[in-house]
Amino acid sequence: MRLKHLALGLAVVTAAPAAAATAQAADGLYVPLFTYRTGPYAGSGIPVSNGLADYLNMLNARDGGIGGVPIIVDECETGYDTKKGVECYDSVKGKNPVIINPFSTGITLQLIPKAAVDKVPILSMAYGLSASADGNLFPWIFNPPDTYWDGAAAFIRHAADVEGGFDKLKGKTIGLVHLDAPYGREPIPLLQALAKDYGFTLKLYPVPGAQMQNQTALWLDVRRDRPDWIYLQGWGAMNPTAIKEAAKIGFPMNRLVGVWWSGSDDDARPAGAAAKGYSSLDINAVGSNFPAIQDIIKYVVDKGKSQVASKDKVGENFYDRGVMMAVLSAEAIRTAQKLTGKKQVTGEDVRRGLESLNITAAGWKALGLEGFAGPIHLSCADHNGHDAVALVQWDGTKWEKQPGMIEPIKDKVLPLIQSAAEDYVKANAGWPKRTEACDKSS
Amino acid sequence: MSSINPALDTMPKLLIHNAGVIGGRPAIRHKDFGIWQTWTWSEMLEEVRAFSVGLDELGLKRGDKFAIIGGNRPRLYWAICAGQALGAVPVPVYADAVAEEMAYVLAHAEVTLAVVEDQEQVDKIIAISDRLPQLGRVVYDEPRGLKDYDHARLIAFEDVQRLGRKKLAGDAGCLRQWEAAVAAGKGGDLSIILYTSGTTGRPKGVMLTYENAIVSARNANAFDNLGRDEEVIAYLPLAWIGDHIFSYVQSYVAGYCVNCPETPDTVVEDRREIGTTYAFAPPRVYENTLTLTMVRMADAGAFKRKLFDFFIAVARRWGEKILNREKVPLGARALYGIGNLLVYGPLKNRFGLSRIRVAYTAGEAIGPEIFRFWRAVGLNLKQLYGQTEASVYVTAQPDGEIDAETVGKPTPEVEVKIAENGEVLFRSPGVFVGYYKDPDKTAEVRTPDGWVRTGDAGFFDSKTGHLKIIDRAKDVGRLNDGTLLAPKYVENKLKFYPNIREAVAIGAGRDFVCAMVNIDLTAVGSWAERNNVVYSSYQELAGHPRVYDMIAQHIDEVNRSLAEEGVMAGAQIRRFLVLHKELDADDGELTRTQKIRRGFITERYAPLVEALYGGATTADISTEVTFEDGHKGAIAARVAIRDMKPYAARAAKMERAA
Amino acid sequence: MRAPSSREVRLGEALLAVENVSLAFGGVRALTDVSFDIRKGEIRAIIGPNGAGKTSMLNVINGFYPPNTGRITFKGEARTTMRPYAAALGGIARTFQNLALFRGMTTLDNIMAGRALKMHRGFFWQLIRHGPALREEVEHRRRVEEIIDFLEIAAIRKVQVGRLPYGLQKRVELGRALAMEPDLLLLDEPMAGMNLEEKEDMSRFILDVNQQYGTTIALIEHDMGVVMDLSDRVVVLDYGRKIADATPDEVKCDKNVIRAYLGEPHGISA
Amino acid sequence: MDILYKIFIDPFVQMGTAPDLLVQTLWDGLVAGVLYALIALGFVLIFKASGVFNFAQGIMVVFAALTLVGLHEHGVPAFVALGLTVLVMLVLAVGVERLMLRPLVNQSSIILFMATFGLTYFLIGAGQIVFGGSPKVMIASDLFLPSGAIEFKGLGGFVSLQKIDIAAVIIASVMVGVLAVFFQRTRIGRALRAVADSHQAALSVGISLEQIWVIVWFAAGVVAIATGILWGARSEVSFALQIIALKALPVLVLGGLTSIPGAIVGGLIIGIGEKLGEFYWGPLLGGGIENWLAYVIALGVLVFRPQGLFGEKIIERI
Amino acid sequence: MLYREVGQYKTSYAADMAIFPILQDRIGLAAILLIAFVVIPLVGHDFLLNTVMIPFLIFTLAAIGLNLLTGYTGLLSLGTGGFMGVGAYACLKLTTIFPHVNIVIWVLASGLFSAAVGVLFGLPSLRIKGFYLAVATLAAQFFLEWCFIRIPWLYNYSVSGAIEVPLRTLMGIPVTGPTATSLTRYLIVLSIVVVMTWVASNLVHGRIGRTWMAVRDMDLAAELVGIRLLRAKLLAFAVSSFYCGVAGAMMVFLWYGGAEAEVFAIDQSFLVLFMVIIGGLGTLTGSFFGAALIYILPIVLREIPAALGLPVHPSTVEQLTFVIVGVLIIVFLALEPNGLARLWQIGKQKLRVWPFPY
């Protein structure tokens, strides 16, 4: 009896991925998307997931895919749970994915060692392991356009700009309110280094996952310490709570700056007018006023093929973030097709495509996304770009882009990345040496 | 006649022989303290010898009689052999015998020593000890609760063995002496006295010689190819000839292993654990097991029941043919194979019958339905006909010649003939020496030329050449109009219904036949539960109108079948009643082997019999009963009587031999 | 049907002495200045109307409650407090009025658990359950089987005790106590809720235990007939005070005792 | 010595030198405590009457809040939505009684505990299917809940009392009061208390066990609505809110599983204790200790009173 | 039906007390082991091995660990996740400090550390019982979780704050790290789980198991027969935590290949508790069933729409999975509160008494 059940279960488990595998054996670019619309972090996950999937579906509907080859969009729900992410990875890896968007730092960390073995390029756009920006040591991992360290550095530059120069930072107190998880603690080493260099005091305010919506005591600490600036590296429900609490203790909102993942519309909206002045770093433009996004509405949303709750959610900051992820994925594939001359590219091809990825301002315009983001240019050595970031500010109802772009402090960030990458490799004895050739174009 | 090797003509000699030849093989097992404690033949020899020498020390002498009282325990079997080694004669007594009965047997046999199981038996002996002047020491197996008893007379089994061992260890000549005592035993010596509880009168002590027992056992072993690999379970009373031959003599002759159950209640589980290969049981056991099967299946789910019914039908159609190695279509064979996997195999497994090579039923007629059922599911069930006076075997069914209604052919070295009055007579090497201290009775039963009257009426079936028993010879009577009546024949037909436990048919010297019926509490109780019949006691259930309806239906069917048999057509049952109490051996209504004592019953229930023939529709009765603890009481009841319609006799002519 | 030689009273020296023990729960006095002794080899009954403090007395003896005053001498060693574990170690076993069996375990395991104190094979042998650990198990299993045989519970050896009828559970509990091979066996109403036949069986077991193993027994029982039949000496408690201490026959005629029982629905019926 | 100073002296120095912060901490602790107590109250009601340790209380909070906001989003006026939410909780209570408690009647407490996990899973899945996973903004102003803060200057700084917090304290106190009156003074309440002692007793009051279960689950549902509104207004309405319910566990055991006053006192002790601990001692350990501090406080109390502060003493009868 | 018990008799207590006294059970066990060790490696692809079998086995081990504590000793613990974490971090530290020692040894040794931590947090169990104890163990859970995040030494100061599993080989074959094949890892996990299950069954069938069950069923009576409650309870905590620790170490080293502290969060504790209860308290087979149902069932459910080609969005599938699992839990509890193992036992009993219903 037991055997029978076991066999039945096995049959389903073994047959299911196999069936799916045969289904996509036909021509197509298999692009699995690890998205999440459930779980405690669904609030941040939903818009990004929607943008990501909708853009690729739009390409299929409008262009018949990329270079004429349809994209097989396969969403796998992770619930922001590492366990399920790994499960997703195992279930898709047999189907020759050309690129994987893990959409979770935790899952990315799991996949980093596996990517090289399974020959699947990982695109962790503006999240994941900062050190993986080093293409020599992490040939399969890409995290453009900025690492968290770039973000933190950009924030410091912004603070310095407002204060009137880096020398004015001396003696100031800068706080980091962060989720007490690897993601949240990511900027700490850089901020510590900068604190030493610029002479400001760094105060850390960790928010444990279970306390996301219960931050009162922490903000009392903030009130006692009276930091001059606060950098917010939060996620999900932590963000709106933090912004509300900041408002409660009367913290000046324009001194509160969030990383780009703390800039969801849903983060600021609950605080409403009280959040006015809160700003967030950004790597993409906000709004739906782009031809490509209008195409999404036309080809996908209006056709009812999207998961968005309503049309006005299209163009929200995080929706556009998802679109940007999709653009980078799609363009990497397109570049790979150009490089190899093949239509049906493989993961290895797309890895080369990513290393040769070059989206200029004109390139963005050609994509129907003029001014959507800064130019993206990756190389064998640099899988990130460390590009300038934008700043958006909440005006009480929506995000307003601030003029100008902020350059991260590259001379501080790059050496740190270098040494972190080396540490990683040292800690992981037997880390494979890069054997992948470098394309000329990159 | 038979020749017997003088070196192996007694059981003690066989024991010594076996210990030498197959000393390492298991001889006896006993489930005790949770596991199967095993003794090999050489270990058993040591135990028996120690006890035997101990008995010698206690003064047991050649020719002395000693009692064995208790259940199926290795030590009691050993005691039999130990005494026989000294030339003493064991007298096994039914363990459930009440003190009164026991007093008679022990006094009659003039036992000088008793080996008993436990405190219960010791208490009985103490209670009757004033009537047993010859009785000396009482050896007990189970010391439990006996600590404060007067040990001047009592002695523990292991203490006797200790005595023996001490003696054997201390005195080198003792062993030789003991062996000499064994060697002194002769095949013609008296080996045992078995008291049979006849249907009437006092028990009679049947004297058997070693030769009687050994030749019977040897022939029986040869008849069914029994060897040293058999496993049997000893669960029938020690004092019954069947158990004596089967669990003792045949084991010694063949060298097979005897297994003693943990308690009488766990026989089925114990049998399942052991996986007996050779079984011997009265029809009642097969009948109860089948009833249990049907009752349990009635509670099973619809699918299981359907499955069961289907495959049992298959088995009924093909099973016996397959068992008899007849030609069977391949499809049927395959279907039977599936059935064996799904139903017959598990069924036999549940009752521990999977490994049975040969199973016998004897003692009484078995219902053809029951008999065929077990054969159909692949159990090689056979019938035999035997008597204590014959050292069991008179006739038996050889493999492949099985018939539900006959008891087989004479076994090797047995001659059978039918007397003028229909009585069956036999002559064989197993024929007993005589009744102890009762030459008159002996002469009555055994003719000078060695024929023994069985007291049973029967005839040889002309088709098969098998013997068919119809009733006790003296019970075969006639109605007033001269119609032949074999009450047992009628009773057996009734008893084949699972709902009927016992039946008493009367009518000799009367105008017509009436029946008194005992319902089977298990079967009818289960039926009652399924049919929402509420009852609080046996008596209430027995008197329930719906139970009467059911029994009436059974009787109607019996009547129809009797009508078809021509000769018996006149014996159809006209009136019946359902007895308010179970017939019980403690009340003397049944024999210890659970046979009904018809005469006693008709006397005891005279008011009911009167009512049956007087035309009344109810009758009052008050009967005295004996409770388990021995005290007596009375049960009074009003019993209903029903009339039955007889069928017209069919012209079918039954062949009647002799 | 017992042998004519009736059980002789074999009174040895005192095994346990209770001296001036008092016990109170938050102002309610359960025992007041109670003294008596239990001699080696005897069956000692503790009787009294409901609420007389009988169970409290047993609880004091085996360490569940420390007495407020007074002391208890067991095997010549005086003490005022003791953990139940220490009592077990000292050789006191116990059964309970409302059963305290390990309901999820089989009869066998329950009785085996009674041998906890006698089994010593270490943790690492237990991990592999071979060699010494298994030998130890087997050895104790043999002892336990003797008890199972003694109490005639072979047929329920492998049945979970929670599924057994009450009478059998009581027997298993006795078995567990016997497995400890105690010097002193405390029985709290061993026959409560039993029918006549079960009571007779249990009485027989108690006598046999006392006789065969020489175990000293202290028992609380409501059924006076049983008490009179079984016990050598009787202590009578009433409202936590000792009102009599004598042989069964003497107690039966004691005025104080009769008075104490008058209010009770069940008088003395011996 | 430095570390000892930091542990034993410095925090108290701080309290003295910045009394405004102390008062603010105490106030915030009080508010948190009251809200914890409210969740704990939901647990206690159910535990007391049906012996069920209701792990689903947390998700019920989310579910209630989501229903309220979700209905409002579909254009239902705020107070009508509130009424409908109450109705939904009643339906939920009846459903739980019919479909979960009845089949599980007489099961051991751990089984019932597990069943409430099943309920939690069910509500998580069903809630997301119906309302989607996106966080929502609590319709505080539509329910006439105040926003903004009252600030008191003085004490060397200022103390800021959020109006929503004041409202929370008032509403929670009123609810606790109403529930207390309900259970002390009404027939149903007496029956409920009787149930805690013996089910037979409850029947003699003339209320069936099933009815009582529905009542307590419904009451817990109403408590969940209040908690959902108040906590939702403090941050947002999302599934992450159920994590808050874990906070009620130490409150619960600290107060004693069956005691309504226990839940209140426990809530206050945990609320104030953890805020003080986090604020004054947390930085010594790098912060974020609030999460386990509550449990350690509870554990500390339990070691001395295994039945909690107000729990009935566990008497071991033999 | 499949059982033919005739002729299976025991002549020694050792045989009678064997863990599988029935021949057919031994055959079944051998068949299962054969499938696990031979058939699955032959037919299994990465998804089956890595996503189904390895986690299933690891969760089974954790469930066995918790079952020893909750099912056998009756102490409800919600700290499983934390104890698993201790094992994982201990293993990381051990293999970092002594990189040349065989990793399998460290995986097992790391259990000792969680055992020690388990004993520490088990101390209150002498006084605290039932749900009170469960909540008390939550203190361990949250405190440990906090330690994993807050003590950088534990994760070797790695930048990500996560455990990064280094490459370790066994006889030249990579066992941990990215190059270890799922087959190698599966076989190691399987071997460890099989051996530890055997050990657990030895424990529970012997003196210690009886001691635990006695404490569970009635602790006062247990003390009366001479069982030292604190010692028994602490031993249960130690052994249970040992199992959880090894499971945790395996989870990170042989399954994930890297993990954040979040992996050992309270959810993990609940998940394992689920497995224990749905599987059946106080049975080892139950732990296997529980892990299978709670872990594998959602995977199967998630795969069903895709396998049938139903156009259901993955997030909806996930939500439906929650609903279905939730309902199934309640249904299972109502059907058989004693868990799947009980159903299995009933089924087995049915087969033994076949064709009879009893």
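Of note:
Going in written order, the chains are labelled A, B, C, D and E, and every chain counts its residues from 1.
Here is the rule we use: contacts are C-beta pairs under 8 Å (C-beta built on N, C-alpha and C of every residue); 3 or more make two chains touch, one makes a residue touch a chain.
These numbers come from a predicted model, not from an experiment.
Counting hops only between chains that touch, chain A reaches chain D in a minimum of 1. A count of C-beta contacts for the chain pairs A-E and B-E puts A-E on top. Ranking all chains by how far their C-alpha centres lie from the centre of chain D, first place goes to B. Put simply, the chain farthest from chain E by mean CA position is B.
Nearest to the common centre of all protein CA atoms is the CA centroid of chain E. One inter-chain figure worth recording: chain A and chain E are separated by 35 Å, centre to centre, where each centre is the mean of the chain's CA atoms.
Spacing of chain B relative to chain E, judged by their CA centroids, is 56 angstrom.
Between chain A and chain C, the centres computed from C-alpha atoms are 73 Å apart. Between chain C and chain E, the centres computed from C-alpha atoms are 42 Å apart. Looking at chain B, residues 34 sit in touch with two or more other chains. Residue positions 64, 96, 100, 141-142 of chain C each touch two or more of the other chains.
Taken residue by residue, chain E touches two or more other chains at 12-13, 16, 142, 145-146, 149-150, 220-221, 266, 315, 319, 322, whereas all remaining positions touch fewer. Of all residues in chain D, only 53, 99-100, 103-104, 107-111, 113-115, 117-126, 128-129, 133, 246, 249-250, 252-253, 257, 285-286, 288-289, 291-292, 295-296, 298-299, 302-303, 306-308, 314, 316, 318 touch chain E in the complex they form.
The part of chain C that touches chain B in the complex is made up of residues 1-8, 108, 141-142, 145-146, 148-150, 154-155, 157, 204, 207-208, 211-212. Interface residues of chain E facing chain A in the complex, by the touch rule stated above, are 28, 31-32, 35, 43-48, 50-52, 55, 99, 142, 145-146, 149-150, 156, 158-162, 164-167, 174, 177-179, 255-263, 265-266, 292, 296, 299-300, 302-304, 306-307, 309, 313-315, 317-319, 322, 344, 347-348, 351. Across the complex, chain D meets chain A through its residues 14, 18, 21, 24-25, 28, 31-32, 128, 132-135, 137-138, 149, 160, 162, 231, 234-236, 238-244, 246-247, 274-275, 278-279, 282-283, 286-288, 290-291.
Within the complex, the chain A residues that touch chain D are 37-43, 45-46, 180, 204-214, 216-218, 220-221, 223-224, 236-237, 240-241, 244, 248-250, 266, 269-270, 272, 309.
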